[in-house]
Amino acid sequence: MRDILRAVAEGELSVDEAEAALAGYVTSEAGRFDAARESRRGVPEAILAEGKSSAELADLSTSALESTDRAILTRVDAERRTAVVEAIETETDAEVRVEGSTIVAHAPDFEAADLDATVGVVTAGTSDAPAADEAATIATEMGASVERYGDIGVAGVHRLFDHLEALRSAEVLIVAAGREGALPTVVAGLVDTPVIGLPTSIGYGHGGAGEAALSGMLQSCSVLTTVNIDAGFVAGAQAGLIARAIDGAKRA
Amino acid sequence: MRDILRAVAEGELSVDEAEAALAGYVTSEAGRFDAARESRRGVPEAILAEGKSSAELADLSTSALESTDRAILTRVDAERRTAVVEAIETETDAEVRVEGSTIVAHAPDFEAADLDATVGVVTAGTSDAPAADEAATIATEMGASVERYGDIGVAGVHRLFDHLEALRSAEVLIVAAGREGALPTVVAGLVDTPVIGLPTSIGYGHGGAGEAALSGMLQSCSVLTTVNIDAGFVAGAQAGLIARAIDGAKRA
Amino acid sequence: MRDILRAVAEGELSVDEAEAALAGYVTSEAGRFDAARESRRGVPEAILAEGKSSAELADLSTSALESTDRAILTRVDAERRTAVVEAIETETDAEVRVEGSTIVAHAPDFEAADLDATVGVVTAGTSDAPAADEAATIATEMGASVERYGDIGVAGVHRLFDHLEALRSAEVLIVAAGREGALPTVVAGLVDTPVIGLPTSIGYGHGGAGEAALSGMLQSCSVLTTVNIDAGFVAGAQAGLIARAIDGAKRA
Amino acid sequence: MRDILRAVAEGELSVDEAEAALAGYVTSEAGRFDAARESRRGVPEAILAEGKSSAELADLSTSALESTDRAILTRVDAERRTAVVEAIETETDAEVRVEGSTIVAHAPDFEAADLDATVGVVTAGTSDAPAADEAATIATEMGASVERYGDIGVAGVHRLFDHLEALRSAEVLIVAAGREGALPTVVAGLVDTPVIGLPTSIGYGHGGAGEAALSGMLQSCSVLTTVNIDAGFVAGAQAGLIARAIDGAKRA
Amino acid sequence: MRDILRAVAEGELSVDEAEAALAGYVTSEAGRFDAARESRRGVPEAILAEGKSSAELADLSTSALESTDRAILTRVDAERRTAVVEAIETETDAEVRVEGSTIVAHAPDFEAADLDATVGVVTAGTSDAPAADEAATIATEMGASVERYGDIGVAGVHRLFDHLEALRSAEVLIVAAGREGALPTVVAGLVDTPVIGLPTSIGYGHGGAGEAALSGMLQSCSVLTTVNIDAGFVAGAQAGLIARAIDGAKRA
Amino acid sequence: MRDILRAVAEGELSVDEAEAALAGYVTSEAGRFDAARESRRGVPEAILAEGKSSAELADLSTSALESTDRAILTRVDAERRTAVVEAIETETDAEVRVEGSTIVAHAPDFEAADLDATVGVVTAGTSDAPAADEAATIATEMGASVERYGDIGVAGVHRLFDHLEALRSAEVLIVAAGREGALPTVVAGLVDTPVIGLPTSIGYGHGGAGEAALSGMLQSCSVLTTVNIDAGFVAGAQAGLIARAIDGAKRA
Amino acid sequence: MRDILRAVAEGELSVDEAEAALAGYVTSEAGRFDAARESRRGVPEAILAEGKSSAELADLSTSALESTDRAILTRVDAERRTAVVEAIETETDAEVRVEGSTIVAHAPDFEAADLDATVGVVTAGTSDAPAADEAATIATEMGASVERYGDIGVAGVHRLFDHLEALRSAEVLIVAAGREGALPTVVAGLVDTPVIGLPTSIGYGHGGAGEAALSGMLQSCSVLTTVNIDAGFVAGAQAGLIARAIDGAKRA
Amino acid sequence: MRDILRAVAEGELSVDEAEAALAGYVTSEAGRFDAARESRRGVPEAILAEGKSSAELADLSTSALESTDRAILTRVDAERRTAVVEAIETETDAEVRVEGSTIVAHAPDFEAADLDATVGVVTAGTSDAPAADEAATIATEMGASVERYGDIGVAGVHRLFDHLEALRSAEVLIVAAGREGALPTVVAGLVDTPVIGLPTSIGYGHGGAGEAALSGMLQSCSVLTTVNIDAGFVAGAQAGLIARAIDGAKRA
């Protein structure tokens, strides 16, 4: 601890970095960023954009970049995306990437993880893309190789067979679907890898907003685990944890 | 009306037959049987066994046989099945057939309808059989040719393709499924005939008792209409009405 | 396949037409249009307007018109209707028709289907019109003759009897109702044709947003199948499939 | 109060009658009977049989008879009915009547109310009878003339018109229905008297156990008020209160 | 009928009046007004303002005024109230009155009903006023004398006793309450007149939007019937029907 | 720890007592008893009888008595009550008391807590007694003086005022109610002590099984906190914790 | 009463103060303020800002200040906060404080309560702050010493142990949590003081809007009582009542 | 195929084995056993005992043993367990093991899988054991090393820390919990391995039957995926698939 404090005193360490190292989080006007989550849990902390202003998002991103060399923002709506990217690029020297409603910023010193394991991310329709984007981004940030397979709806199940070999080559699969949410069940019946069902809030009327998709995945005749509706972050992080376990085993 | 009354007076017509002809229903101790439903609606009346004793069921069956030459009993549980069959065979000279939990009795004079149209009845698993039995029996009684296809679950969707040609040759399809209820969606995406989804009360936990299957069929990405959970009678009767319309068109 | 490619090379076929012929869908900036759905399933593909900009809708409509000579857009809200119609008329030489919140565009070469079968579309109140419009448009586009019967609420059930003969002459009936959704039950008890219940999201408080209407139709004492709340497209397409089966039988 | 106590002392008044007069209730081993409810509220107190033994029911009936000259027991299942009737007849000199699952006992001194007002009780099907029996019994006990109309289901709405004149002559109507519960809506659209909807727990699957019927009555396009599922007592008592108001007005 | 047509020909009757007399409704651009509802059912037709523009509301009001000398508009939000009132006053010579979110217009020839019966309208809190206003207006328009009692919440139940005599003098009571909705139960335990519970959409979190209030009234230990959440119109009309029955009995 | 082990070795301490002292729980065939809960949390551990045989209950009771000198069993149904009491009395020298469906056994050495604080336990009807018994027993076992007030239903709210002074003298109140669950709201509006609402599973139809009572208490206009349906143990224990805090403050 | 009226006549008492003293509430254009609640119940009345304009809020605040020397406004959204504060400061000489979405104003004569008891307010995440602010403000206004503990989520349960001693020193604990709402359960398992669970409307998808948190707290394995979702006022007031009881006991 | 048929002809292969090899399933009186599931999906097929008689279970077990050398029966209730075990031991020479409500039978030739990967199975309370038993059995049958950790409830979260090192050493964790279901969240916040939440149907009242536990796990602040309530089979199989992937990577 003395080392950290001395480094602060001598200006080698910013206050944010020091607080992150000592307490595990960084406090700013806009809230608190849990910098220690990754070391403790192996999952990077993400900043949920809903209910925060562009300024607060930029502020939290700066804290995140200073303490962990990375900032991940999820559910940034189209209106605020440009403003947030500009603010981060102005305030820091990070490289910023936009993936649907997810924003990722890497500081120059950022060292990307690199796992020897592939995560497949499958969507039933184009409307399922936002949740799948979030999942893919998190898995990528955790170091997995991510492959995307889009628009494989069960209403035209023959299309699935064109991709079957590719799907079987992934080591973990995330399958996103709304409406009746049948795709994860069909896929999980055809592969022998772990499948994570990601229900999306697509649909209307009775069972809408993802409830039919979620209950269908929970009732699935195939073996799969599921996450909450639109919980792309959780699906991606769980896939990343499995990928890391596989990578660790390969290196062992 | 005078004719009917005179026929009763002269013993040519039983009181039941006369009441059925005049009022459209027959009254017995065990309740009232809507004898006119078939002529009014084209759908035979069925006696729901739940909550009735074996004696009441036999009683209502006798009324039905006297007034319409046929009795259809649905949801007769295993305990009472033999007693009811025996009672009907003792009290009447009808020919009795048991189809799962459905019992059908035909009087010697019964004239079976015969439609030039095929109804396919598909089940996802063996547990879906009771609802499918009910549907198949009603469609058969309405005169349709019924073909059965069993155990085509989506967890092994390749099995479906073995039956695809057969499924495509039916003119109407009833697809019964519990759990996540995805089979009607997958089937309806592969054929160009009308598909009726029949959710069954198979499943457990969240979305159990058929709720997940029902909401999945209502949310389906494919074109299909649905009936309530375990409503085999309604699915079979609707298929019968479509079959009759097709038959009528063929004969026109 | 060589023929298609050669036709593209020689400019006889657009890239969209070629992609549709080869892969079954057309890809544009705004998404993917499933051009093969009609040939595979017998139901035209529709573009759901919700969540898409006017420009994206025009873009997808152009793709649809190029590959299938037709574009159907559903749930276009009043604000964007004029803009979309103008955009389609500017970019293509299609004839555009607006039916409530549904837009239909036909290319000059479009060959309309013409089925010898009538679909009746009944509404309980004026608020049920949008869902009924959608159903009527799809059935019409599939070639059926569509008859409309409006404002036949069960709160004044005598009005129903004025239309009874007309209703009985249709070969399939779609009955749209919100609130307590009793109309399909009453109608289905009086006719011997297949009835499809279309619950609408009209109502308030407990059982509002169409849930009471849906559960009432599922519990109906009459024989009818149902679709999800406001699912006019599905009701219209199912009626169209039955109409086509009847037409085919008549021609056989 | 001295008068009451002296009457007890002199044996003119039983302890039960005295407690009822002073405190408004009678306490026995089996619980407490609210004897003052009728004078306070104008509605006779009923003993709900569910969860009580035959002995407890007889015991409470005796208390009720002693304090108010009447005992009303609701929801007495078939198994215990005979035992309870016998017990009451053994222990008291009351006259006992069984109406479905309801039991009514009148002490010799009982003075029946007699209102100049008619309550019509309508049922959609035979399964709705238990709730309707309960309603009819309570209204009768409150002094109303009760007319019953059975088996007027909306699936054969023409049957309703046979009874229309009779229904219009009642001054209050209770309409009991399960399944989709549409009958109260249809009836209330045809008469100009107050209608009380009584949803029954008939039905299955989604919206079963009376939930569809209840929500349909709450959403009704017609004017009607409703009670909870199977709440025959409440429907009958409310009709009785309206009948009493009408009777009072006639006498004024 | 000839008389009506001749009156139209001679200009004594407007087209609207004639259509109303012959068909029972008047058709305008903005929809259809059910002019015969009052004569058939005894309840005036109201125009639900939700989802209609100010122009459409004025248009429908004019039709209503022409055919029945009265227009009642419910759920007119604050923004459109002035515009609608002005439009009616400009287009017709009716007298217009605003009662919360309800607007009532009377043509000069309007003959008000006058019933010798009192309806009490009670609210638990100020937020319950809009539903209560609607109920009070309808009962008034049906001719009842309406008395209002406000802010009698059960959280200060002593306040109720100040009003008890007044409440007991009404011949029918409507009791509106949101949150836990206990007031109708408490009131109905203290009076011997019919009580109608009117749950309002006041509340938040679990059981919010009126669901707790509605289920509390349905479960009430007291005798009361209920209407759907915020259904002031239905509560007021049912009270009006009871008032009319009492008035008729008094006059008999 | 050496002391404990030596005491075991010398037979001064049973194995159960030693395990309880060291590990905080006692393991027997029938399961594990958390003996340390009281010292850690100040709430005695109770043995939930549901799903356990009489033998298992006696077995767990013995463990509890050996380690903590007390056994509390909740939700013991009527059939097993005598058997369990007999078994405990046979196997141990404890004094056993039955309070509704709750059984309490004290070893001869048991030292009862004695708090200078009063908990009032109020019930709306006799059916609410089981949950209230459970609450009262736990509060008593924690040392509070418990006063009971029964049958104070809101349908006769005047009865409440007879008890008002007594209710105001308690330092904490538990108010149990089923059906519409209004009593805690009414009571909490009249006293200035903390009130805990205890919803019971009394009721039927919509909002039955305690759901209406629970949501009514959560929506209450008065200040009160609540526990889950029938959670008498939790209500009693929370009241006991508050009583202990008050007792501690008095002694301070 | 004469005294009060004379004081009004002589101008010593404002009309508001007099009405508050006599009737227990103050009536203004914007509604009615229940001034007597505090004396009757011991809980200050708060003005719920939702659905009221800034002018109405200022108006009600003035009434509250005049009659009770204090105004508490809850759920004031960010847009109207400044306007309301300014209006109060302009119209009165009160001192105004903003605590999240809660506004508190004290007249110069206001005498703050001062209880010798500590309430701890714990939050799981920063999003839970608004509900916790509301709770803390009410407890403070009732005179309790309030300690805040923030960001102690169960996903990093080790952080809880850093605060354990502090948490144990509070005499009552309010624990606010959204999402899965596990924090109150974990805390209540580690302390021996009364814990009040405050579920917040944080979360998404299935169980979102606080429903999962609420049901988790109701199902808690630990002893805790709960309030409705976001009901900070109720949690704070209940804690205040317990604090006052403890304070009273200390002073006794 | 010829080889298989010849082997049957020569008696080297039973009919069951041949059908399994050719069609992937074995048909018996009691139903159909999907013998190919393991090869296709890597998950052994289990026989769900619910709704089947002891004879049917023994029959299906024999088929399973003949075709795959193993039979796994889940949810065998205590009454039928002995009968089923005896029947299997009588009819076959398999070795039978009972694990809670799960029965596993291995034929003498059975070759157990052996994976170099550990699955930890954690339970919150003893009532969670049945679901956890099922999960542990399946993971074991798939070849994983399974470690069990019992009774680590969050109401005494300190107990968790005693097991933390052990939990961290597992490569996948299944965490079973009922009631508020908080344990998986707490565990997943402390380890960096994939965690699968297994909600159990323990609990009562609102959110009972596992619904609170399920929604809490779906809302979890930690990273975890979940399965349906009591779906021990699915949790165990998913853990087995992850263990196999890790084992494969280690061997690679």
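In this document, chain identifiers A, B, C, D, E, F, G and H correspond to the written order of the chains, with residue numbering beginning at 1 in each.
By definition in this document, contacts are C-beta pairs under 8 Å (C-beta built on N, C-alpha and C of every residue); 3 or more make two chains touch, one makes a residue touch a chain.
This is a predicted model, so every value here is computed, not measured.
Any chain touching subunit A that also touches subunit G appears here: H. When every chain is reduced to the mean of its CA atoms, the largest separation from subunit E belongs to H. Fitting subunit B to subunit H on CA positions gives a rotation angle of 90°, reported to the nearest 5. Should one ask which of C-E and A-H has more C-beta pairs in contact, the pair is A-H. With centres computed as the average of Cα coordinates, no chain lies farther from subunit B than G. Rounded to a whole number, the gap between the C-alpha centres of subunit B and subunit F is 54 angstrom. Each chain gets one centre point, the mean of its Cα atoms, and the points for subunit B and subunit E are 46 Å apart.
With each centre defined as the average position of its C-alpha atoms, the distance from subunit A to subunit D rounds to 61 Å. Along subunit B, residues 40, 156, 188-190, 205-207, 211, 214, 218-220, 222, 228, 231 each make contact with two or more other chains. Applying the touch criterion to all chain pairs gives A-B, A-C, A-G, A-H, B-C, B-D, B-H, C-D, C-E, D-E, D-F, E-F, E-G, F-G, F-H, G-H.
Taken together, the subunit D residues at the contact with subunit E in this complex read 40-43, 117, 171-172, 188-194, 196, 214, 218-220, 222-228, 231, 234-235, 237-238, 241-242, 245-250, 252. Residues 126-127, 151, 156, 204-207 of subunit F touch subunit D in their complex.
Residue ranges of subunit A in contact with subunit B, taken from their complex: 124-125, 153-158, 160, 179-182, 185-186, 188-190, 203-208, 211-222. Those residues of subunit A lying in contact with subunit G across their complex are 24-25, 31-32, 34, 36-37, 40, 51, 199, 201, 210-211, 214, 228-231.
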